[in-house]
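The next part holds the structures, each set out as structure tokens.
Look for subunit A in each of the two complexes below; its partner is subunit B in the first and subunit C in the second.
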Partner chain A sequence: MTDITIPDGLWEDGAEAALSTWFYADGDHVAAGAVVAEIMVEKTSYEIQSPAGGTLHIAIAEEQMVAPGQCIGRIS
Partner chain B sequence: MYRPDFLTAATGDRLLERLAEALAPGHRIETGHGQPAIDGDQALIRRAATSDAATPSIRLWTNRRCLVTVRAMARLPGFDEAQRASAAHGWPVYVRQTGGTTVAHRPGILNLSWARRAGAGPARIEHCFEEPMRWIVHAAGRLGYELDVGAAPGSYCDGRHNLCHHGRKLAGTAAAIRLIHGQRVLFFHASITITGDPAQDVAAIARFERSLGLPGDYRPEQHVALADIQPGHDHAVMSR
Partner chain C sequence: MSSSDQSVTAPRPEQPQAQRRQTIAKSMAEAIAQEMAANPAVLVMGEDVGKLGGVFGTTGGLLDSFGPDRVRDTPISETGFIGAAVGMAAAGMRPVVELMFVDFFGVCMDAIYNLAAKQSYFSGGRVACPMVLMTSVGGGYGDAGQHSQCLYATFGHLPGMKVVIPSNAHDAKGLMIAAIRDDNPVIFMFHKALQGMGWLGTVPGSITHVPEKDYAIPIGKAAICRTGEDITLVGLGATVHQALAAARKLEAKGHSAEVIDLRTIAPLDRETIIASARRTGRLLVVDDDYLSYGVGAEIITSVCEAALGDLKCAPVRIAHPDIPIPFSPVLEHFVLPSAEKVEAAALAMLGDTN
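The block that comes next holds the complex of A and B.
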């Protein structure tokens, strides 16, 4: 299993961020480097890549709050 | 609202062109129509991904009268009905890919889109705002308008990076960091109210958002158009 994590240092402490969109469904096959999710930090969107190819396992639902370094899903 | 004598409708229209010229001398202002005008930003981002990182790619553009909301609102139950109702009031609703909440576009609002390649490494979200906001504030300053950056509580689509005049909002901003062929691209967008009545924009946005079951509780007095601000005396004389 490989974690999909939100990069550290992306935004300043205190800003609210939410997982806005998953571009694939749970169980979908994704390629390494594919943009799998988007997070919204206040009014800025940021795309999250898959660190590996394989099957996507979503851990955080859309609209849930997220933090830097947090695992939002896994690739098996 | 009090409008200084030297400002007629014609000078208000010229103000949009003057600000555009101060921002990017010689740059053409695109006149867009609805969703295709909004989607033009995706082409800008793709172009920036293959351009020199030292030079940002920009668009200056206006749109027909419409509301532009975000994907999260477009997923809400009742969106199609709210969209139809707003269109019936003369404000068709389109969707953008950046964050925030609903904003207004119309001919008196200058849209500024900015994109710069940031390379393959990590990029901080603040980087999307710092350079283009300095650029806008500087350009407005050349026309005699002393603007600043901050929140405008009670304004629609509020955030920390509004373009303001004494706490009243002239422009909302939004940003994105996109990944194109392994290159991170910083994207920034501002909708700058130059002429017209911001209270009408607020009313249209509030009506649309309330029809989605959202509060839509905005304060028109927290907004201002550039044409309703008197520039510094010396600059005003110079710019006539």
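The block that comes next holds the complex of A and C.
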């Protein structure tokens, strides 16, 4: 299992962030480096890449608030 | 083609399983980038298309890749930069310009319908107008009557332009590449609810597998994105997804609905629509533009002219009523089409009153 974690420092501290889109469904196979999710901070989006290839397990649903350092899913 | 949910994420039979999923915004930017790399005559102009990458993400990364000479931020003067694009196209360039909201077409329409659309005709075919005007359409997110219109029929009505409206990322890339390569002016209308910008909400079915290589989707060809026997549902852009959602509900009640994604309204693929309506005998058009003189009217007339005797009931259109789009979310959603309205109209046409 490899965690998919939101990197620190993508945006200014304190801004509200939401997980806007999962590009793959729970259980899909994803390649290492694929853009799997997008985080929206105000009107700017940040891409989250998969740290490894494998099966995606989604931990945080779309539209939920997220923070830097948070694990949003796992790859097995 | 199966009638499962797979038809939403992989709507074309030739498409492989999802591997490289993208939003419409990303696929538009990728298409423009590939055409810019292949042809130095392709240029981009508009408001906030450079550093910001387009307020709807349509030009992300282009400034870094191609520089400020080919990706140009313009002042807020659609009259100026869209007029300039018509001249650039006459001079042999292939400009892609963004009209940020279609609602603002008023100040630049002379350049579009009197100049761009007529250039080839007035010059006896000697001066083409290979420009793409991309523009955002649609509401549903409380942006009121000057930022939520669709105006498909306004552009579809005027001769000399092609008009395309993608419903998913795969088609958006192929239609954009076809539009840039076309020697005619092409109006590329993208629906804000499908764009993949989180703050506008995103219809999941619009995010699809997008091949990395360049490919063109023929302008003027509709797609049957779900096959069925009892009723034909015709949609465009966002309403394709409402029709697909309604088709799944109808299936659960024992009715088989075919769903057609127009993809282009000028030229309109009458052949595909008429063939489907002949087979199912029932036609329901779902449109989020204004009702009167609209896309639904054109499609229903075309089917009645060709196949009236094959219809089992009167055709029906769902559209936005003939009023400005309300600001209040409660009022706006009351007047916009939805999967529930499509399902209810289809059940009435099918005589299902249970």
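Here is the rule we go by: the second predicted complex is superposed on the first by the 76 of 76 C-alpha atoms of A that agree within 3 Å, B and C clash if a C-alpha of one lies under 4 Å from a C-alpha of the other, contacts with A are read in each partner's own complex, and residues count from 1 in each chain.
To be clear about the criterion, a residue touches a chain if its C-beta (ideal position, glycine included) is under 8 Å from a C-beta of that chain, and two chains touch if they have at least 3 such contacts.
As the structure is a prediction and not an experimental result, all values here were calculated from the model.
Residue contacts after overlaying the shared chain place A:Gln49 against subunit B, while subunit C stays out of touching range. In the superposition on chain A, A:Tyr24 makes contact with subunit C only, while subunit B stays out of contact range.
Ranking subunit B and subunit C by residues of subunit A touched puts B first. When the two structures are aligned on the shared chain, A:Met40 is found in touch with subunit B and with subunit C.
When the two complexes are superposed on chain A, the residues of subunit A that touch both subunit B and subunit C are 20-21, 40, 42-43, 45.
Contact residues on subunit C toward subunit A in their complex (touch as defined above): 18-23, 55, 57, 196-199, 202, 207.
Within the complex, the subunit A residues that touch subunit C are 18, 20-21, 23-24, 28, 31, 34, 38, 40, 42-43, 45.
Contact residues on subunit B toward subunit A in their complex (touch as defined above): 71-72, 97-100, 122-126, 128, 157, 159-161, 172-179, 182.
Interface residues of subunit A facing subunit B in the complex, by the touch rule stated above, are 7, 9-12, 15, 20-21, 33, 35, 40-47, 49, 63.
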